[in-house]
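Quick one: structure below, then a few questions.
Labels for the chains are A, B, C, D, E and F, by order of writing; each one numbers its residues from 1.
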Amino acid sequence: MENLISLWHSTGLYNFTGGQAFMMLVGFLLLYLAIKKGFEPLLLLPIGFGAILSNIPVAGIAEEGGLLYYLYFGIKLGIFPLLIFMGVGAMTDFGPMLANPKTLLLGAAAQFGIFASLLGALALNAVPGLEFSLKDAAAIGIIGGADGPTAIYVASKLSPDLLGAIAVAAYSYMALVPLIQPPIMRALTTEDERKIEMQQMRAVSKTEKIVFPLMLLLLSILLLPSATPLIGMFALGNLMNTCGVVERLSQTAQNELINIVTIFLGLSVGSKLSADAFLQLQTLGILGLGAVAFAIGTASGVIMAKIMNKFSDTPINPLIGAAGVSAVPMAARVANKLGLESNPHNFLLMHAMGPNVAGVIGSAVAAGVLLSLIK
Amino acid sequence: MENLISLWHSTGLYNFTGGQAFMMLVGFLLLYLAIKKGFEPLLLLPIGFGAILSNIPVAGIAEEGGLLYYLYFGIKLGIFPLLIFMGVGAMTDFGPMLANPKTLLLGAAAQFGIFASLLGALALNAVPGLEFSLKDAAAIGIIGGADGPTAIYVASKLSPDLLGAIAVAAYSYMALVPLIQPPIMRALTTEDERKIEMQQMRAVSKTEKIVFPLMLLLLSILLLPSATPLIGMFALGNLMNTCGVVERLSQTAQNELINIVTIFLGLSVGSKLSADAFLQLQTLGILGLGAVAFAIGTASGVIMAKIMNKFSDTPINPLIGAAGVSAVPMAARVANKLGLESNPHNFLLMHAMGPNVAGVIGSAVAAGVLLSLIK
Amino acid sequence: MENLISLWHSTGLYNFTGGQAFMMLVGFLLLYLAIKKGFEPLLLLPIGFGAILSNIPVAGIAEEGGLLYYLYFGIKLGIFPLLIFMGVGAMTDFGPMLANPKTLLLGAAAQFGIFASLLGALALNAVPGLEFSLKDAAAIGIIGGADGPTAIYVASKLSPDLLGAIAVAAYSYMALVPLIQPPIMRALTTEDERKIEMQQMRAVSKTEKIVFPLMLLLLSILLLPSATPLIGMFALGNLMNTCGVVERLSQTAQNELINIVTIFLGLSVGSKLSADAFLQLQTLGILGLGAVAFAIGTASGVIMAKIMNKFSDTPINPLIGAAGVSAVPMAARVANKLGLESNPHNFLLMHAMGPNVAGVIGSAVAAGVLLSLIK
Amino acid sequence: MAELMSSGIELMFAGMGIVFLFLTMLVFAINLMSSLVQRFFPEAPPTPATPHSAPSNIADKATVAAIIAAVHQYRQKK
Amino acid sequence: MAELMSSGIELMFAGMGIVFLFLTMLVFAINLMSSLVQRFFPEAPPTPATPHSAPSNIADKATVAAIIAAVHQYRQKK
Amino acid sequence: MAELMSSGIELMFAGMGIVFLFLTMLVFAINLMSSLVQRFFPEAPPTPATPHSAPSNIADKATVAAIIAAVHQYRQKK
């Protein structure tokens, strides 16, 4: 009898708190979005599952002695996001960007979303019950970078309590890029602008592709050392791929290693989706600001492209500016799709890949600024 | 000269203890069983090798500063068995079980082997020189679960000193299933019963296969949170495989990741095969009880199947009850083989896969009960 | 304005020290050698990149909190070199050596390079400003083993401060084997000796290949336990490959696992290329002694082969003695090339593979002696 | 000792009870789930899973390519 | 609060400034690098990357082997 | 310094001695083992190792399949 009572007291039903139940629903919602809606499933499925596991009463899977507690060290020490960044680097082709380097400026302009939402977060302090420190605001702003590992890396350094909400917002909005961007892009461009065809790009030699990651790293070392963990690992992955002499390392970095780390990273991020941290007014603020960041980033990119089109001697279709937010390769595909709608012969995909990968560099630079100036 | 003496004093020959020599023989025996007899080689080869390495005098490979000492943390912290369980989940097809859910009860009945041998271990306390605590008895009983990672997980939590012997017994008896089970199955069934043909199973839709792991996890959360680390990781692996949107994660979980962890887990388990811990009367007790557990589990499954056959509207061949012990897929193949002996047109394999995978769930549940009630 | 100054103070340009800049150049030089010259790129590319990353001012990538700081634990605890050795073991075919076991003695003779350069290091203490302890000298000598993981393992145990320079020297000279060895081989042999054709080797059975790694391990256990971490993991990898029953583990050990560990090991080794440790007169000494070690090892192997040819009943081409330094498979290819130059029908490759893999065993044994006798 | 045995027996009843309770509930849950899924999300039965389809795929393509090429060559020679 | 906002605004100017500075310098650096590379290391433009060439390679070999074998057989039969 | 050198020389003799002792014993052990294996476990000599046999296997199957298909087609057309 005593045993039965002890058993009943050890059930989840007996121990559930409302917060845990709610967070579990959030976890199931993420699984639904990942599986049925195809929202960045590689990340949101493990994140959602991690959210469920870490909110199970009694089991303590995210507490000392539990699996997610130990996996989380990979984020806490900054290891997982950097390894993922290395793999992403190995998968990235800088060819289109090197063929048309001025599209880098589009990747710069789109980072305005980061700083605008940082300001927005600070402004939200006016709302009673909301309190964001400068670190919190910076970690929220980085959602506008539209780059998962960068957002997770910055949040883990500046505002680990908000990590769960920030990662979820970042990946969710990246998945929503095909919904968020088009209205903004249409509103800011004329039909004629969207019809602009761009010149075919020159071929980029293998040597240029090998030198570029080293040059990128060097510039980052000279100007902004705080960005070198991110940019360095990205450059390492890219160099492993382009140099052609360490093919087996490159393949492992962009396949098995990134897959293993993705599973661990997702589960660990999910373990930060605890009721305590997530069920706050803050989270609504983060979700709202994330959407704002994406919207402003998109708009900044498009406007910058319109300005550049004015002064450039070769035509620039303003739609590719939207790809500057990164969200590789989704944002580039969106630009391509809108281009085709206005002009069925207008394939913008490769042209949009330039600003797209430039956006990754841009947000790593922005991350470096935030990590360096906010103490 | 001094150097020569110092060298001689550093040889293995000079430093060997009888116990170490004996344990090394055990290690070589395991290698022999793995390579020549095909006994669960994926596990027993690294376990045997780990036993040899950790019993080398002077070298200290299983002591602080040695490789196996560090690898063992993966077991101590419960990480390796759970990652293996995730991979096994990704490799498991619940289709046959979902097509005929009542076979789950066979997977329940077979767990009686666990509790019978738990009682047996306690009864052995009557033998002078044997002393098993309740925790030890539970860790020994779980051998009857016929599921490697579950046994290692439970033993690492309840009785780490017995871990080596328990893991060896669990994997050895799993390899011996084709020898242990048939006589019991023949003794408990009539020729007519063994001839029973079962109805062809319905096809199971992809949606059911996606929903099932989540439902399993949910039930475990509500009823038995202490089982959720095991069942959760199993469900995660299974979901990754069935959902179809994270194919690359699923492939990595069931290939490279599980292979890497298997090597590490095997070596770490082997490092617990030290003379101190293994060369005890206890070990004989464990080996004996393990055999009893498998036998009783097999018998319980068959008897349950006979009972169900009485009350069921569709015929159930009692042989498939034996597959309820798990030991996937060996036990299901044994049921199939005995079925074919009695009736050459009777293919029981898919029917036996239902209780077979149900047995995995059953032992994870039993593990949860033991971990929750024994403090 | 304050922000701008603070930013300027956080740039790499402002914080660079001469030493860091120089070490970064060393890093870029290693990348150049790896990519353009094909010098052991799998190791030298990550090592060079690690050197660059760890010498970035402000960023602290090799200090506590930085990625390379944590990765370095894999070397400090001796884990990475042993896992690489396991993978190398799985890739090694002992067939040619088993077919002609007396070539093992060539692998023994070539280890003289290790001890000669150990003495050389001690002799260099006569140079003012140079101070090598016995541990340092042993760690430097092991470069002559021409085996990367062995050198890194020994250096990490005996002289971690010199690890960076030692690893760089070891891999660089391995890459330079086609330049270092031929003049020595030509000087020590006559044209007639180089023309010697060797008898075709017998086929080696699978059983012999399975038994050999176990026998090797056993001998090492009895005679030299201090070598068993290295020889044990090598034997494990080899056994996994030859036994044929754990193919999936063997494949993972020689592909994904070794690739992942190679990336991590290379970066960690690079993180030891700090200005403090590298920009010393010592480093010049290490580079010089490494070249001496390779040269003496080569010469010893060739001379031993000439002696054996005198007493052997089957002819031995002295060129294959040079392969005894290990540097698998480069040194064997060099022997083959020189053989073909003198006699276009003389294919020495398989004959040279015997001493080549014997050299791996030889240097692991020498490493065991050093680790055991130097306290 | 007797106390230990009685703890063990208690554990056995609790354990087997929960195992059966859990798996019985799972049976009901599966039946419910399956009928809901079949009613609200009817699906064509899945084709046999082909987890490692890539290799055979390659072989297929090779086969097709080879046939095309061979037949092409055959015709030209004729 | 006002102080925090002014820190934020300062951060925005510094941040966007550095992002543009960095990427503008990168534009110049790329242009310089590309012209240097094209002048001193002229290269045939790279063929499309084939990261997973092994399988297709296999398929190719299989194709070729199959063609040879089929044609051989065809001739023999004739 | 002199003491260090004498330690070093001692180490050299011990080291080379053990290396030769070890590898010489290994030579004897291999010879013994090989003769025992060849006597008690005689085996057909192993075919050349094919660690990555799967792909070539696939190619083989593809080849065979392609030949069969091509010949089949060829006959039908005739």
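Keep in mind that, in the parts below, a contact is a pair of C-beta atoms (placed from the backbone, for glycine too) under 8 Å apart; a residue touches a chain by one contact, two chains touch by 3 or more.
In this text, all values refer to a predicted model and were calculated from it rather than measured experimentally.
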item	value
C-E compared against A-E, more contacting pairs	A-E
Far-end chain from subunit D, centres as C-alpha averages	C
From subunit A, the most remote chain by mean C-alpha position	F
Whole-Å gap between the CA centroids of subunit A and subunit C	41
Rounded Å distance, subunit A centre to subunit F centre (Cα mean)	48
For subunit B, residues contacting two or more additional chains	3, 7, 223-224, 251, 256, 373
Overlap residues in subunit D, where contacts from two or more other chains coincide	11, 14, 18, 55, 58-59, 62-63, 66-67, 70, 74
For the subunit E and subunit A complex, residues of the former touching the latter	1, 4-5, 7-9, 11-12, 14-16, 18-27, 29-31, 33-34, 37-38, 41-43, 45-46, 49, 51
Subunit B to subunit F touching residues, read off their complex	3-4, 7
Complex contact set, residues of subunit F against subunit B	10-11, 14, 18
Of subunit B, residues touching subunit D in the complex	93, 98, 101-102, 104-105, 107-109, 111-112, 114-116, 118-119, 122-123, 125-126, 134, 137-138, 203-209, 211-212, 215-216, 219-220, 223-224, 251, 358, 361-362, 365-366, 369-370, 373-374
Subunit A-facing residues of subunit B, complex	77-79, 82, 86, 210, 214, 217, 221-226, 228-229, 232-233, 236, 239-240, 243, 245-246, 248-249, 251-253, 256-257, 372-373
